Every structure is written in structure tokens, then in C-alpha cells.
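Let me begin by presenting the structure, written as C-alpha cells, before commenting on it.
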Amino acid sequence: MMQKEFCRIISQTEIAEDIFELSVKGELVSQINAPGQFVHIRVTDRWGPLLRRPISISSFNKATKQLTMIYRKEGQGTALLAKMVPGMELDILGPLGNGFPIEEVSSGETALLVGGGIGVPPLYELSKQLAAKGCNVIHVLGFQTKSTVFYEQEFLKNGETYVATVDGTYAAKGFVTDVVDRLRFDCIFACGPTPMLKALEQHYSDKKMFLSLEERMGCGIGACFACVCKKADDPLGVSYKKVCSDGPVFRAGEVVI
Amino acid sequence: MMQKEFCRIISQTEIAEDIFELSVKGELVSQINAPGQFVHIRVTDRWGPLLRRPISISSFNKATKQLTMIYRKEGQGTALLAKMVPGMELDILGPLGNGFPIEEVSSGETALLVGGGIGVPPLYELSKQLAAKGCNVIHVLGFQTKSTVFYEQEFLKNGETYVATVDGTYAAKGFVTDVVDRLRFDCIFACGPTPMLKALEQHYSDKKMFLSLEERMGCGIGACFACVCKKADDPLGVSYKKVCSDGPVFRAGEVVI
Amino acid sequence: MSRLNVELPGLNLKNPIMPASGCFGFGREYSQFYDLSVLGAIMIKATTVEPRFGNPTPRVAETDAGMLNAIGLQNPGLEKVIAKELPWLSQFDVPIIANVAGSLEEDYVAVASEISKAANVHALELNISCPNVKTGGIAFGTIPEVAKQLTRKVKEVSEVPVYVKLSPNVTNIVEMAKAVEEGGADGLTMINTIVGMRLDLKTGRPILANRTGGLSGPAIKPVAIRMIYEVSQAVSLPIIGMGGVQSAEDVVEYFYAGASAVAVGTANFVDPFVCPTIIEELPPILEKLGFEHISECKGRSWKQHEPFAHYRA
Amino acid sequence: MSRLNVELPGLNLKNPIMPASGCFGFGREYSQFYDLSVLGAIMIKATTVEPRFGNPTPRVAETDAGMLNAIGLQNPGLEKVIAKELPWLSQFDVPIIANVAGSLEEDYVAVASEISKAANVHALELNISCPNVKTGGIAFGTIPEVAKQLTRKVKEVSEVPVYVKLSPNVTNIVEMAKAVEEGGADGLTMINTIVGMRLDLKTGRPILANRTGGLSGPAIKPVAIRMIYEVSQAVSLPIIGMGGVQSAEDVVEYFYAGASAVAVGTANFVDPFVCPTIIEELPPILEKLGFEHISECKGRSWKQHEPFAHYRA
């Protein structure tokens, strides 16, 4: 069950250029049921900006009631968020949506986790849970440039980790898809820019695959129809899924991306 | 010359119920040339609320470059202001307007200072300056109720001080005008609600009198014509004065209030 | 004793607060947060004869103190609303106002005649003002004669009172209100969104796939207040007001302007509890302002107040 | 090399940023803050034949991300503007756009023919859209034929190009734009304020003495952008855009929509340095976005972009 709660900020750190790691404590952590769910954050108690911001849960701990997010300072909402300090309260709605189905990979099988930019964060909790249940986890993480790379060490603890930067300033030069070609795996979990997800869907249509989508949101809970996508089996029709409440994670081929 | 400056907050104290005393430090203090001038404050770096708030300067010290304001927490702007703490910077435009002409009272003469509610603050610097130059200063200060009375002790240092509360919970019950009737003086300086100013203007039309007016403002500097009042010698015509730049202090009888 | 109950054509409301159409779906999502029976009424998402997918995404864009939406009337269609959504809503003790939309007159008539038969639908809201559909629509909301004609046709078939939802995107809103009054409307709801646009700094292109969208939220409140102020003096229909309502104080301002009830749209996205919060905060605010009942606030911006009331009539 | 110079009928602008009419008086106050010669142009306060006092106070009220004003065209009258204000302004190296207002056609014609003779007046802005005056006015801004006729009359007498300022309070802004184009307008300025109202919680009465006022500020920006987007595709007149501009990014968004220059109104009250700040911040933003000159931004929201440009014409 989702809740609306004022959660206390435990820590906030800039872990790469304009990339912030933010941890909060709240009862709603007990409601999280899968990696890949997200929260909807109100960054001000006034109307500027008006709407909540959707941010993935990058890791959580039910014992300490803490959850961590990693976000990029982009526009006005995340800029305000970045100014907040430990001790302050944050108005959070969540957990929202349906996360990655870890039950789809059995112990001993290999899961490939592909993340691009701020699509990387939700993969972290997924990686931890998959590793804990005995799966082999391979990570391919793409970033724009060296200064925005984050969490490479953290992912390494759970398995092989390949990093690519678009400009080649760190590790391999190019896109994550270039790296993936060389790897063997049973199932893909991916989150990142739409072109990346599309490329994966096309090239590995034979593989079991779960993709986390992004869409501009209003309510975040399924009421406003802002975030719909077409179902793949009815591309010209009226069937749809809502990214916020049916997703953000979908099985590849389920919806049109 | 007015300036726009980020002034550092030195102190902020709630000195009576919802009444705050706020001191800031800035170069613009050197530009203040009379008691009764005001500043125009931007309470946020965003657009909620949009407009600046006009607040009187209640005292200042050119040596320390500090000025003090006293304001009532009213609506959204002053509510935000009340949350600010020492060390923060405040976007201030000022000093604005023309203050009280202390040269109108000679040493030895008696000045009567009449203030109502949040009209009291600008009288404080006036009182200090008049006392310093050897005038007798009598204060009549009106408040709604006991919990909102402030600065009685401060005014007492400069001269006789009578307080009235509308509900009679402190000192005399009634309006300041009731008290004024009993006093003798050469010149009146007043700031407060319009009905109070009107009553004074009517009853003491034989006296030298200076009134500080309030009006909703846009620019605060004379450009937008939001704050005009008619000149008394041309009540149906097009002559006008701007409260922000010609006032806020006017000689009684100069403008229609 | 309640300070909040309100009687309107077809609607016996325990309080005058209701979610606005399109901002509350069919109530399912918000029922996870609170018991929908606390609401005065629920304005459900626009219903069309056939299911509609609506516009491509992105469908929302934020603006200063507001947002643009171009959902495009996505809904599951009349049949499913009647078979699934309305029965589900009937578990709550709350009257439903069904928002009726379409492209052609026949569409409106078809939806109205069917949906008005549902037991928990106590009134219709004729959506002649959606800025986000290409065909039809626009004329219904901007040409008085066309609006009047449509209202008349829908009145003929509806089994419950009909409220017409006015568009603010017109030169003369009073003219529109008078036309639908002549067409037989039982009430008005106003305002729908104002047409607006935002462009992406990086691409230069509109953020919304539909390019334009409807502006809602606090930004439009002063426009809504002005229009309700004008219309409430010109017609004798009750008005359900909306546009940027976020707080109990806003509700009082709408009543002052001339509204008889108030709908809350965008604010639900910001705070899912906004409706019950307003309902809770209204009585103490009325108390503080000296009103025994919310109805005393109505039209205060233009009515002669006590003690001058006896000078009139 | 300047990235900012812009050529418009009658106006050779070093940059496309100018204070909007009514938000800058005749420049005297802001000249205390900076050298007015840095501005692209100055749109001075509306001028009428006779001096006007305007409306009673309160004349302004704040709203969420906006403000209402009902100044009522207060100004010292044609004679004094020509004798005092324009000569004073001539000390600055900046073209003046004179805002012309009135109640009757004759008034506009009288002001236009005189004020257009002043050496530093390089263009007129015909204010057919002030929401705050009772007589006349309204028809000029909302009836295409009337607007066209007025434009024609003013064009006959004006010695400088005439820009017509459009009101957003209409059902169809494109129709209005086309009408004034037919009337011979050299350009458009848009938008003027949207009619709105705020009520006082304690008294229930309108905060503005005039009751209604014009809404300006960030709240109306999406409406202005939408209207400029529509109008710039429908007419071939250059547009000076305005409504809620606060930053260099906003200026770029206005150009994308189809504006050729941008005026800044309400933001001057918030930050007296807003115009020079925007002028300073524009070049680095253009640099970052990859534009060599601001004119490249123009109409990008609807024009085919490079590398597709050669597919057209």
C-alpha cells in the first residue's frame, strides 16, 4: 500500500557531478515490495514547482526504515531537492508502481542489468537482491562522461561491471549496447533512455527482458491518464498501460516504447 | 539613492504575538535620510509570492550598517519572512520614499507621535531622533489587544508613552484618538490605519501634522502608478502623489486619505 | 449541525467539495487513501460513447503555479463506465456527477441518455469545453447558439439535472452562460482549462505531443473567480466553481464570487488528501469569519451585505 | 559580434529586450538603477490625449505566480509626454515605442499623429486591449472589424510603423491578428493582461477598487506562448512577445514560439535589474544551445529545423 508521509532526511551527498544520493527514513519503507518501485516527491510546500517529482528507489532497508534515491539535478524541482539537508522533512508519496520481478531469474542463472544515466539507480537494489539469491549478475552501466559516473564500486560488489561513457572519458567509449553484444545471459533488466530500451528490445527479442519506462506524470498513482502507453498487441487501438501504476517495469514486448 | 542589495540577517525575534523584529546589515543603510522611509523586500527567490513587501525601517545605525524592521506576520509573504534565520540573505530594495521631517519641530517644542498597530514601528526612529535633538516627545500607541503590544519600554526612554488597547486587556481601553484629546503638543506625526489618520486630520486640522500612508504597491519606486492618491486641492482632477516615492509621509491636508 | 450541506438541482450534498472531472479518474486510486463517502460528490472522468485512447504522450507539462494537460479524453467508453465504474462507485455514499463528452451532438445525446439512468448518477456535467480534442468540441464551447442547442438536446434525454461546463477561452463568458441557461441547463460548472503551451528549451518543440494543452492550477484561479463573479450575477443557475482550488480559503473565495459548490482538480495530484483536508478545515474557517453556514458566503462579492440587505427587494 | 541585434519595422534594436508598457513608467525611476541605453527599446506608459488619473486604489493585487492590476491608464496626457517625458528620454541611445490609448477612434488618431512626430519615437504600440478602462476599449480589442478600422485610421496619420497590442481575452486571437494585419499594422505586440479578480477573505469584496484587473506575470506565460505560436504561423507580421518573462530562458522560449523581440513587464517590479540581467545572460545561453544569433531561435517550435530546412521552399 502506498502512503503519503513526511519522511526525515538522513543524508544527502553529491556523489558525482550533479548526481545526488538522498536517504530518508519513514514508515512507508515497510510497504516496498520490489526493486524498481518509485516515490513521488513534493519538493516544496508552496506551488513553485507545483507537481511532484517521480524518483526511483535505489535501495532500501526495512530494518532501519530507510530508503535511498539517486537523482540528477536537472530542472527547478531537483534543484530545490538538492538544497535540502539532513533533518528536514520531505513529503513523499509511495512506494508506487510495480518493480522488477526478481522471481524471473533462478539461482545460478545470469541476469544482465543494463542502465543508462539516471536509469542506473533502480538497478542497484535489484542487483543486491539478485546477488543475494544466488544469481550471477552482470552490470553494464552507461554514462555521458567521466564526471557523471557513479556507483561503479557498489555494483562491482555484486558482480561483473562494465562501464561505458559516451565521450570515452572513462572506461569504454560508446553506448551500453556496444558492450552488451559481447555478453552471455539469461534475462535482461534495463532502465535508461528510450533509445537504449528500444535498441535492447530489438536486438534481444529472443531473451526474457524487463524494461523500466519513464513518462511525464501528473498524479503518479493511476488517476489522471498522463502516463499511458499503448499495448503492443493493439498498437492502433485503445488498450493501454499506465507507467505509474502498471509499470514502470514492463516485460519487453508488452507495451509500445 | 536607493539600492538593491542582499543584506545579511543579523537577528530575528518574535517580540509580541505574531510581531517580529528583524535586523539586517547592508550598505544601503548609509543611504537612509529620514525616519519613516521603508524598504521593499523580496521574500523568496522564486515566484511564490511574486511581489516585494513594503516594510518600514523602525530604526537604523549607520555606524554598524544595520537597520531594524518590525512587522506583523499576516499573509504568505510575511509568513515566509518569519521563517528566516540569522545568517540568511534578504533581497532588499531601499531605502524608499520620503520620511518624517524632523526639522519641523524645534528643540523644546512638543511632538506627539501617534501609532496604531503596525503603524508604530516607523515612529521609533523618529522618536529617537526627536528626543536626541531636544524635543519633548509624547507617544500614543494603539494595539488590538495585550498580546500584540510591543516597544512600550523602548518608547518610554524617549518620553511620555500612553498605550491603548481596543479590547482594554492592557492599559487604556479604546482608540488612540481618545487619548490624544487630553494632550498638548505642537506637531503630530502619525502612522496607522486609515480611519485613525482620518480622525486625526479632522480633529486637529489646526495643528501641524504629518501622516504616513499605506497603499498596495507594485514597483515601490514610482514607476507603476499602483499607489497613487489624489491631491487634496484637486480632489476631482488628475493631480496625484505616489505613496511610494512622494510619500509615504505627507503633510496633513496635502492628499486625500 | 453541519455548516456545509448544500442543495443543488439533483444534488443533496453533505458538503460542497468534490474532485473535478479528469483529476480523480473513477475514484479507485484515491479510495486507497480515504473513504470516498466523505466527499460532497465526485465528478468522474469524461465519458464518450466509444472507448478513447486520447493523445500521444507527453500529456502533461508543468508551468509556474500550474500545469498543462492534453489527455484527450481518454476513457473506457460508455458501456464499461456503466458496467464497471459506476457499480463500483455505488459502494460509497456519494452522488456522482457524470462528465459527458463527444465530437458530435449525437454522441453527447447517446452518452447522456444512458449514463443518466445509472442509480448513483445524480447529475450530468456537459463537457463542451475540452480544449484537447480536435473534432467538434470547439464550436460547442464557443458559439452560444450551438451550446444552447446541444444543451436542449441533452436535456431532452437526460433523466437527471444537467450542468454545463463552460470554457474560459471565449471573449464573452456571460453570453455563453445565458445561452445554455436558455437551452435549459440546470446549473453551470466553470471553468475548464485555458489553452496554453510550453516549449522545450533544448529542442524548441512543444513539450506536449498535442502541442497545446489546458492550463489548470493556482495560476488560473483569478480568471475563474472573475468569470464566476460575472456569470453568477447574469444568470440564475447555480455554479460549481473550479480552477486552482487548493485550500478551504480558496473555497470561501469561490463562494464569495458566486459559486454554490467547488471542485478540486490539479490539487489532488499535489496532495491526494486535499479534498478531505479542505472539508475538515472549512468549518473552523467559517467560524473564524463569522459565518454559521457556508451558504452565507455565497455571492458576497457582489450582493449587498447585511445590514444593507433590506434596502433591496 | 553581437548575437542579439534585431531589425524590425522602424526599430533597429541592439538587442530584443525591452520593458513592457506600464511597467516602466517613462523610464525615470529605472534610470536610477542602470543606464537605459543598454535596453533594446523602451515601451513607455500608455498615453492618452488628456491627462488621466485612472482608477481608485487599491490598484494591484497579488495572485499565485502573478498579479492583477487596474491602473486605468493613468498618464500625464499627450502634451506633457511630448514636452517633458520624450525629451528627457532622448538623452539615452534607445528607441522609444509609444503606447497609444484612448476611448474613441479620434483619441487614438490624435495621440498617434502627434506622438509619432517625436524624434525618438520609432514605433507606436496601439493599445486596443487594456482591460481596465470602462468606455470604448473593449470593442477595439475584441471585434476584428473594429480593430482593423482603427488600425487603418492610425496608420494613415502615423509617421512611424504601428504595432498593435492584442488582447488575450478573445475566443480567436488569430482572427484578431489577421484583421489588424489587413488594417495595415506593421507588427503585433502580445499579449496584454488576462482579465481576473481576487476577493478579500475578510470582507468578501474584490481587492481591487475597480473589481476586475489584468493578470500578468509567470502565470500567463503558457497562454502567451500558445497565442504567439498560433499567430506567428498565421500572419507575416513580426511579433513582440510578452507575458511573464523573467529570464533569458523565457526569452528563448518566446523566440521559439515565433516572437521577434520580447518585452518584460511585471518582472521589473520583482527585480529592477531584470532587463539588463536578461541582456547579459542571453549570449551564454545561446552559446550553450548552439545558436550563433538569437534570430535562429525564431519560430523553431513550428518551423522545419535544420537539417530538414532544404526540404521546404
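In this document, chain identifiers A, B, C and D correspond to the written order of the chains, with residue numbering beginning at 1 in each.
The working rule: a contact is a pair of C-beta atoms (placed from the backbone, for glycine too) under 8 Å apart; a residue touches a chain by one contact, two chains touch by 3 or more.
Heads up on the chains, UniProt names are A, B = Dihydroorotate dehydrogenase B (NAD(+)), electron transfer subunit; C, D = Dihydroorotate dehydrogenase.
All figures in this text were calculated on a predicted structure; none of them were measured in a lab.
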Checklist line | Neighbouring chains common to chain A and chain D, by label | finding: B, C
Margin query: What's the farthest chain from chain D if centres are computed as the mean of the Cα atoms?
Written below: A
Notebook entry, point to check: So which one's got more C-beta contacts, A-C or B-C?
Noted result: A-C
Check: At what distance in angstrom does the C-alpha mean of chain D lie from that of chain C?
Finding: 34
Check: How many angstrom between the C-alpha centroids of chain D and chain B?
Finding: 36
Note to self: Report the inter-centroid distance (CA atoms only) between chain B and chain C in whole Å.
What the structure shows: 45
Item checked: Junction residues of chain A - those touching two or more other chains -> 47-48
Notebook entry, point to check: Which chain C residues reach two or more other chains?
Noted result: 63-66, 218
Check: So that we know how the chains sit together, what is the shape of their touch graph: line, ring, star, complete or other?
Finding: complete
Item checked: In the complex, chain A residues that touch chain C -> 1-2, 4, 42, 47-52, 93, 215-230, 237-238, 240, 245
Note to self: Looking at the complex, which residues from chain C come into contact with chain A?
What the structure shows: 22-25, 28-30, 32-33, 45, 50-54, 57-67, 69, 71, 74, 77, 207, 217-218, 246, 266, 268-273
Notebook entry, point to check: Quick one: in the complex, what on chain C touches chain D?
Noted result: 63-66, 68, 142, 169-171, 194-199, 201-202, 204-206, 211-212, 215, 218-223, 225-226, 229, 244, 249, 252-253, 256-257, 289, 297, 300-301, 305
Check: In the complex formed with chain A, which residues of chain B make contact?
Finding: 46-48
Next item on the list: Report the residues of chain D in contact with chain A in the complex, numbered from low to high.
Entry: 64-65
